[in-house]
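Structure first, then comments.
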Amino acid sequence: MIVDDMRINEQIEIAPKIFKIELTGPLSKLLKNPGQFVNVRVGKGIDPTLRRPISICDVDVDNERLTMIYRVEGKGTKMLSEMLVGDTVNILGPLGQGFPVDAATKENTCVLVGGGVGIPPLYYLAKQLTANGVKVITILGFRSDKDIFLEKEFAELGELKITTEDGSKGIKGFVTDALETLSDYELFYTCGPKPMLRAVESIASSPGFISLEERMGCGVGACLACVCDLNERNKDTGKSYAKICSDGPVFEAGEVIL
Amino acid sequence: MIVDDMRINEQIEIAPKIFKIELTGPLSKLLKNPGQFVNVRVGKGIDPTLRRPISICDVDVDNERLTMIYRVEGKGTKMLSEMLVGDTVNILGPLGQGFPVDAATKENTCVLVGGGVGIPPLYYLAKQLTANGVKVITILGFRSDKDIFLEKEFAELGELKITTEDGSKGIKGFVTDALETLSDYELFYTCGPKPMLRAVESIASSPGFISLEERMGCGVGACLACVCDLNERNKDTGKSYAKICSDGPVFEAGEVIL
Amino acid sequence: MSRIAVSLPGLNMKNPVMPASGCFAFGQEYANFYDLNRLGAICVKAVTVEERKGNATPRVAETPGGMLNAIGLQNPGLAHVLEHELPWLEQYDTPIVVNIAGYQVEDYMEVTKAISKVKNVNAIELNISCPNVKEGGITFGTDASTAANLTEKVKAVSQVPVYVKLSPNVTDIVEIAKAVEQAGADGLSMINTLLGMRIDLKTGQPILANKTGGLSGAAIKPVAIRMIHDVSQQVSIPIIGMGGIYEVDDILEFMMAGASAVAVGTANFIDPFACPNLIDQLENRMDELGIDTLASIVGRSSLCNNIR
Amino acid sequence: MSRIAVSLPGLNMKNPVMPASGCFAFGQEYANFYDLNRLGAICVKAVTVEERKGNATPRVAETPGGMLNAIGLQNPGLAHVLEHELPWLEQYDTPIVVNIAGYQVEDYMEVTKAISKVKNVNAIELNISCPNVKEGGITFGTDASTAANLTEKVKAVSQVPVYVKLSPNVTDIVEIAKAVEQAGADGLSMINTLLGMRIDLKTGQPILANKTGGLSGAAIKPVAIRMIHDVSQQVSIPIIGMGGIYEVDDILEFMMAGASAVAVGTANFIDPFACPNLIDQLENRMDELGIDTLASIVGRSSLCNNIR
């Protein structure tokens, strides 16, 4: 967890309003596991005030490279998308507890379920799982054909099912429609909007891990902006809540109230 | 008086913390007389909030070029100095009433007295006066040798006296020390810090014109941030005050209370 | 009625945007930039019985995301405004709001009496919230019964609707809003500036000659939104909202909070075309957000309190 | 004493900078970034008798040059703080200030009694200004006699100096400051956050689940400076100043306005190293401005009122 002025190595729009950005700097070496995120300071002035949390999508430790994929939502991501190759961006990270890769063993089949900008952190996860010999089935949900990204990349790592809301590609419907057709898996990992996480949690036939989002202040566990309720008081800490930024963003399915 | 996104054509540090910036755009064609200024919007965000008033130092109407010289004082001028050739700067102008060039006729000798960043507007004035066949003597005051700028440019237009506070070049002392040695002139024009203006006004043996500075809000006469008191109620408007941004920044010596 | 027209007591506005008092003088300066008929209304600088010289300079200081001003209600006085400023504005058919200030109740009444019978004046804005004068101004705006009394007296002599401009520098703005509503105010304007100060590190002294000044600009927007939201739920007269409106989204945010029209102040200094630019962007942005008419969003934030 | 050391009741600080309450939890998170002994003091999150769950999320919203928060005083409760948080802090020899909140006078007294006898607690900060809880908090901070009564009761049971943290959401902060001084406060902390709101244009509803929140960050700095300036001229107890301190110049501006030490809140979120970075820059900047010791500039703005 450091603060690093990272250089923009590449910045491209890979789908409408979806940007892929590659940064260089020593922070890249500190990643513990996939699903961790960074807190991006956009600009140098007083506005925007807060950093923007963005998941790590891929890492190249040897070349100190970090890749993120983000959607232009509001002011901060807009400004980020206007920055150029060669500019530096101030990054705080890596933050949080990511997906436990070791939870899956060699013989396991894992289902990865991602929606929209919940997809990026699953990519580095898929890479690590497959590197460990785990079989990966990925389900990615998009609004429409034109919004699809990372298709080729995921397809290279295993079976890939794409769903689109308008049916313009793959299965028409939601990720859950694809998930319902599967039964032979030992573990799931998911990231996306809350309604999707709820649906995945209730449909899945295995244990799994979910990654949450919340508006954040500090990003490091100090301000209590990003709490969520635990289903049961934590045995170790005695706490009835968790901080998404530092205890999460990844939790065991069923651990927190969605 | 328009708002113009002007392109930076040149930006160089011509003395410590003193920058010369050349901008291109149609606004350049609207100048009425030397001593007018522009109101520079630095950055695109909410901070800095206010525009920065900077005098016009030179104009090239044919090529639509405007030159300004400014000192890095605080946040706004610092940010301006960090902008690069090719960037655009949002400019409001030309603003205010400048120096009346016609007040001097062919046979006249005029003394131009400038201190620090009060010097730039005198340059375009000197050019216009000499173009009209007026004889110009210029007195420029600096802190020290290394702070000198526009020396060659003024020297080309007539007699030039330089004063430095530490005596490292020219006459040791203030512009007034040089002004006291002169007597044969019909008109003076001056711009600089208020104490200097006061001293020049009291020493000068002729009528003249002074250019004032004040903290501004709107720059166009609407907010009344920048008023100064008139010595007498203005006959035409009935007003006992003047707005430096729109009635000035140039006033007849004796017209306003310094 | 067009999608962006709004209607308030005395003010039939073709769009919800007027310049804020004190940031637009009497209109002549900005008329050099654009046709003032494009505005929804025009709110002019505070007028007092006699000419006022205002405070010493410096009168403005910049702050993070905002500015302080301590103009001190400088204005040419009632007679001059009646003779020169208002007649000049006759060439426009945009509604005119005149902001009014004074040292004592009688001053406010005198100005109101004279101004409200001018044929091109559509409303009075009672400035009980100027933080930059020693007497009058804010003292009327920080106590509910004083504010109500003044409102009542001014209403009694006004021939046009009266909007009371509230000060945000109070513990309970709702209490004051309710008091002036009961005293007969036709509408509210809010917010005036927050009291602030900046110090010059070189001298150790305040930058403003008046020491304190009024904070305006983007920085105060969330405070304005909060106050308009709270007040709009407790009064039934319309609110002209202001405080840091720079962007088209801000207009919508103010109206959702409970404002029926908006005023733009500091933004005029950043861009003289601020008002017409905002107006031009309004319909497009409404389309993007699926908003049919502005009237339909006013106070939306208070409509469905238990949805979320 | 070093040039940048300052001394306040209970607090011998090697430099004037402490993190602000609620922005630093109990220190453990930022201890991952730097040695907390570099700080002038540490002010921890509000502590209440029982554990508090705080408000629903979203709890933060961004504003121009600032942010709103509505955490709602979430904290693990007195027992947990006594058992876990304060013992953990024993490894540091930096003074500790504990921020205290409650629903009623007795709550404050109970927490104070227990906390103030902990050996590594150097001062209590009485939070009578939290805008984000329904009961207690700000209600104590908006009425002078209520504030004074609470101060007196807490002083009576405290074994360490008591700083009262004032709310800026009042008409007359000087009155409240004087009342708590008379009631025995050893110092003041100011300012807490300004009440604000932001609305989500897509839903028309407030972004914060709690609807309103407390505005902090650069945007509020001029309000803080004004209040500290005004209060410091009317009281003789020291002030811990806060509200939008981001840069080293801000520290000096707050001290010239009348603060004897400063607290840094929101800036920690922008840069976790904000506090040590500010401390490191302090002496250089003092040299540039010709300031010998910090003690010499406190309240400089009120010293020579008629110079300028």
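Should a chain be cited, it is by its letter among A, B, C and D, assigned in written order, with residues numbered from 1 in that chain.
Heads up, the rule we're going with is that a contact is a pair of C-beta atoms (placed from the backbone, for glycine too) under 8 Å apart; a residue touches a chain by one contact, two chains touch by 3 or more.
Protein names from UniProt, one per chain: A, B = Dihydroorotate dehydrogenase B (NAD(+)), electron transfer subunit; C, D = Dihydroorotate dehydrogenase.
Computed from a predicted model, the values in this text were never measured in an experiment.
**Q** Going by C-alpha centroids, which chain is farthest from chain D (Dihydroorotate dehydrogenase)? Tell me that one.
**A** Most distant chain from chain D (Dihydroorotate dehydrogenase): B.
**Q** What whole-Å value do you get for the distance between chain A and chain B if each is reduced to the mean of its CA atoms?
**A** A distance of 56 Å separates the two centres.
**Q** With chain centres defined as C-alpha means, what is the inter-centre distance between chain A and chain C (Dihydroorotate dehydrogenase) in Å?
**A** 46
**Q** So, what's the distance in Å between the C-alpha centres of chain C (Dihydroorotate dehydrogenase) and chain B?
**A** 36
**Q** Out of chain A, which residues touch more than one other chain, so two or more?
**A** Counting only residues that touch two or more other chains, chain A contributes 46-47.
**Q** Mind pulling the residue numbers of chain D (Dihydroorotate dehydrogenase) that touch at least two other chains?
**A** Each of 63-66, 218-219, 246 in chain D (Dihydroorotate dehydrogenase) touches at least two other chains.
**Q** Chain contact graph: line, ring, star, complete or other?
**A** complete
**Q** Using the touch definition up top, name the residues of chain D (Dihydroorotate dehydrogenase) that touch chain C (Dihydroorotate dehydrogenase) in the complex.
**A** Against chain C (Dihydroorotate dehydrogenase), the touching part of chain D (Dihydroorotate dehydrogenase) is residues 63-66, 68, 142, 169-172, 194-199, 201-206, 209, 211-212, 215, 218-223, 225-226, 229-230, 244, 246, 249, 252-253, 256-257, 289, 297, 300-301, 303-304, 307-308.
**Q** Which residues of chain C (Dihydroorotate dehydrogenase) touch chain B in the complex?
**A** Touch list, chain C (Dihydroorotate dehydrogenase) to chain B: 22-25, 29-30, 32-33, 45, 53-54, 57-67, 69, 71, 74, 76, 80, 207, 217-219, 246, 266, 268-273.
**Q** Taking the touch rule as given, give the residues of chain A at its contact with chain C (Dihydroorotate dehydrogenase) in the complex, in rising order.
**A** Residues 46-47.
**Q** So in the complex, which bits of chain C (Dihydroorotate dehydrogenase) are touching chain A?
**A** 64-65, 218
**Q** In the complex of these two chains, what residues of chain A are touching chain D (Dihydroorotate dehydrogenase)?
**A** Listed in rising order, the residues are 1, 3, 41, 46-51, 92, 214-228, 238-241, 246.
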